[in-house]
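Once you scroll down, you'll see the structures, which are given as structure tokens.
Presented sequentially are two complexes of subunit A, the first with subunit B as partner and the second with subunit C.
On to the complex of A and B.
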């Protein structure tokens, strides 16, 4: 009953922020026109559906893709964060903390800097998807690396994992810095974009590129929820009921990194969503992964849409980097959770 | 008036009418921009010099000259901007330095039907000429661009003919500073390299291109005769006196002779209509 309420409230919250995201922005567009444009596109004709020119284009070409990208990236970061925390059995394991985002962005930066030199044949083959695949590969390699480094006697050791994550973050940061040093000014600008994170470049094209990756993760990961629940008791519990723990791990890492990698490739690094959202989810509804995974996706989508709205509206006509907003919103909440659960975390 | 005269007059009248219609038609073909957004100081300054300043509706934070332009809203800050915020000004032309808009942004503007013209800037006398012509063509007034380009070229020639010279080209090191922590020096091929050469100096850095972080050792090794900074850059380091106290500065000729020179940033890297003034001002400071 409580869970049903949570689902309903979150869906309603998401729906409301989608409406605000479509209705508000630097352009003042009357609400009626917004609704008219949307219904008109869907084939209904409520208010006569006249041509509104530039307003209509802004809604269809700027706001709608941007809102959709916020939903997809938020859902991807939220659910991946929850799943990765699940297999690492640690609440601090988050795509950016354990180095997955850094790996993805390092790969993206390398591709931007050396695209014409090294990746031209790959670029012809994959075209627009090259960056997404590269970021995915970077994310996957770092996730595997961190996981294997942190394994002690077949068990993932928490502190080793965090330290390995810090080391990999530092290394990826240094390599990114090196590439930045060598890159010319124009490439430097694209690289800065990755580091800051932004939804401002959303077009139908890159939303379409992101969609399948996120869809697979959002549908696939909840199927692994039962296995993840057993993981939290102990890896041998998974084997006891006849599931293969390694297969679950690999499935989670592949699905999560796919979603995170694709997100990073279109929006750059957006921190804190992957860390914070699963915590909030567990805070309101308990630790069952059958609940945590889908709700994290839902809440991630909602919070990121909201954060994007703030980043667009607070300093008009200039936009704040969305990473700044998520960190400002996220870190106090995270500190609160930390203080509240201090005792639990120590034990 | 004879019949013949009347026919000739009629012919003249029709010819005039024809020319009138033709010129109206041509004018309509290259619609002149009425709501312009200029991003980048050099572009804003050039649009103003072309006499189209009154059509500018918004600029970016670097556009601070001429004074009146500061009344306008600043729609972009260090290349961070929102497509929708720019669209909100309903521009019919957005002028942007080449490479400042990403592929996605260009695609977004295209789908909104907003004309974006990326302006290429080359750091040379010929480049200044091309820069002016590109902007005039984008606005839809080529004749005006032609005139300003010619005028600028002759003013540059005059400035170059009046240059002060010494026995030896002084070595000038440019430091781009935003506080002590962030200092970069200008290498070969940069805008600063070009203006130093034009103003009768020699860039102290010949080892690398573009801008690279400043190090004390590199400063001592390059041993410049003059150190050049933007005015706001010198201010960010605490003025001339505290700059002279930075490690290593006192080992250079510039430090020994206290030859620390500051210049207005937008003027120094304008490379358009204000290039003659920039050459003259920098030359005066190098040989003062």
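On to the complex of A and C.
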């Protein structure tokens, strides 16, 4: 009952913030006009008007793809944050902290920098998806690396996990820096964009590219929820209770890193969403992954849409990088978990 | 039944178990005893299938446990480990329900709720059902995990239940309650293997005792056969007297008190007279020291 209420409230919140996201910005468009434009474009003529002029272009070419991208990236980061925390058995395992996002962005940067040189044949084959696949590969490799590094006697060790994350972040940062020296002006700009995180580059094309990756993760991960629950009482218990631990682990890592990788390839590294969202979800409805995974996706979509709205409105007409907003929201939560679980994290 | 056929197990080239054989029939409750490092927990891990023996076989109802389908094995065998750390704030009921996860979609899944409610009631957890695991004491957490493994085998009465020090952290009442539950289930046909440190608990509740020493099986039999003064001294290095309780006819072990004098092992407490040297003969004239006294 309570969970039904949570789903309803979150969906309503998401819907409201979508409307605001479409209406507000450098140019204000009345809500009625927004709805009118959308319904018109879909083929229903509700209010009689047909010519919306510049409003239509702003909504259809700029704000709608951006809002959709916010929803997809938020859902991807929220659900994969929750899933990765489940596998690592730790609420601090977050894609950007343990280096998964850095691995994805490093691959993305390498592909941009050397695209014409090395990847031209691949690029022709995969087209626009090359970046997404590359980022996915980078995310997947780092996730497996960190997992295996942090495993001591079959259990993930927190300090090793975070230290591995620091090392990978540093290495990816250094390599990215190196590549930026080699890259030309135009490539430089897009590389910087990847490091900062932004929804500003949203087009219908990259929304379309992101969509299948996020869809697969959001549909697939909840099927692994029971296995993730069992991981919290120990990896060997999964086997003893009759589920296949390796299959669950591989599926979770593949699906979660696919979503993270694809998000990073279109919006860069947006930190702390994967930490903040699952934590809030667990606070309101408990830790069962059958609840945490879908709700994290929903809440991630909502919070990122809001964060994007804030980043656009707070210093108008300048746009803040969205990573600044999410870090401002997420880092206090990180500190809070550290303080609350200080004793438990030591062992 | 389960048949263990001369299994051996090495870890980092150190033999932990050497050539162990025994078999357990339904309705038997076997207590595994032995000093620290005797191989009890290792044997449990092999019986559970978590580790594979280097040689020998473990046959459960006619099939080698390494050849079992995961889900079928999960319905026939459950294992309560010594330590059960939990990472997230699951509620008691959610953890007990985890014991039933393997049966999703199978006919047994219909009984999930019954199994969970009955085992929680049995382990005294009904009032704690919605409490977070992280807010419970060690003994209470151990009871939750006991309820979880019981729930796993609730509708399979010839199953094998492996309990590795189930009474860890439990208060006196629940130590007995836990073993009473195990003994009652054994009466109905379950096979129970329980690792215990308390010899008297083992003597009271188990109908068979196996003593391990240095990775080998030394004795195997009824409590009265196995728990003699000599055996206990050999296995545990402690003098003890074995009695038979007149009313229950159970064996009772009373270990002899070890007497120590702190001055004999703490050098700070020792009264030592400095040796006095005879300057003429340069021989030790007088040497009074308590250090030479054997502990």
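Criterion: the second predicted complex is superposed on the first by the 331 of 347 C-alpha atoms of A that agree within 3 Å, B and C clash if a C-alpha of one lies under 4 Å from a C-alpha of the other, contacts with A are read in each partner's own complex, and residues count from 1 in each chain.
One rule holds for everything that comes next: a contact is a pair of C-beta atoms (placed from the backbone, for glycine too) under 8 Å apart; a residue touches a chain by one contact, two chains touch by 3 or more.
Because the structure is a prediction, the values reported are computed rather than measured.
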Given the superposition on subunit A, are subunit B and subunit C in a clash or a fit?
fit
In the superposed arrangement, which partner chain does A:288 touch: subunit B (first), subunit C (second), both, or neither?
second
Residues of subunit A touched by subunit B versus by subunit C: which partner has the larger set?
B
Should A:201 be classified as contacting the first partner (subunit B), the second (subunit C), both, or neither?
first
Contacts of A:90 with subunit B and subunit C, given as first, second, both or neither
second
Once the structures are superposed on A, label A:62 by its partner contacts, choosing first (subunit B), second (subunit C), both or neither.
first
Would you sort A:229 into first (subunit B), second (subunit C), both or neither based on which partner it touches?
second
Just checking: does A:239 make contact with subunit B only, subunit C only, both, or neither of them? Give me first, second, both or neither.
second
Can you give the closest approach of subunit B to subunit C, taken over C-alpha atoms and in whole Å, for the superposition?
42
Subunit A contact set shared between subunit B and subunit C covers none
Touching residues (chain side subunit B, partner subunit A) in the complex:
58, 73-77, 79-88, 90, 99-100, 102, 104-105, 107-108, 111-113, 210, 212
In the complex, subunit A residues that touch subunit B:
25-28, 54, 57-58, 61-63, 181, 184-186, 189-190, 193, 200-203, 205-206, 312, 316-319, 321
Can you name the residues of subunit C that touch subunit A in the complex?
48-50, 70-71, 73-75, 77-79, 81, 84-91, 94-95, 98-99, 101-104, 145, 152
Mind pulling up the subunit A residues that touch subunit C in the complex?
89-91, 155, 226, 229-234, 236-237, 239-244, 282, 286-288
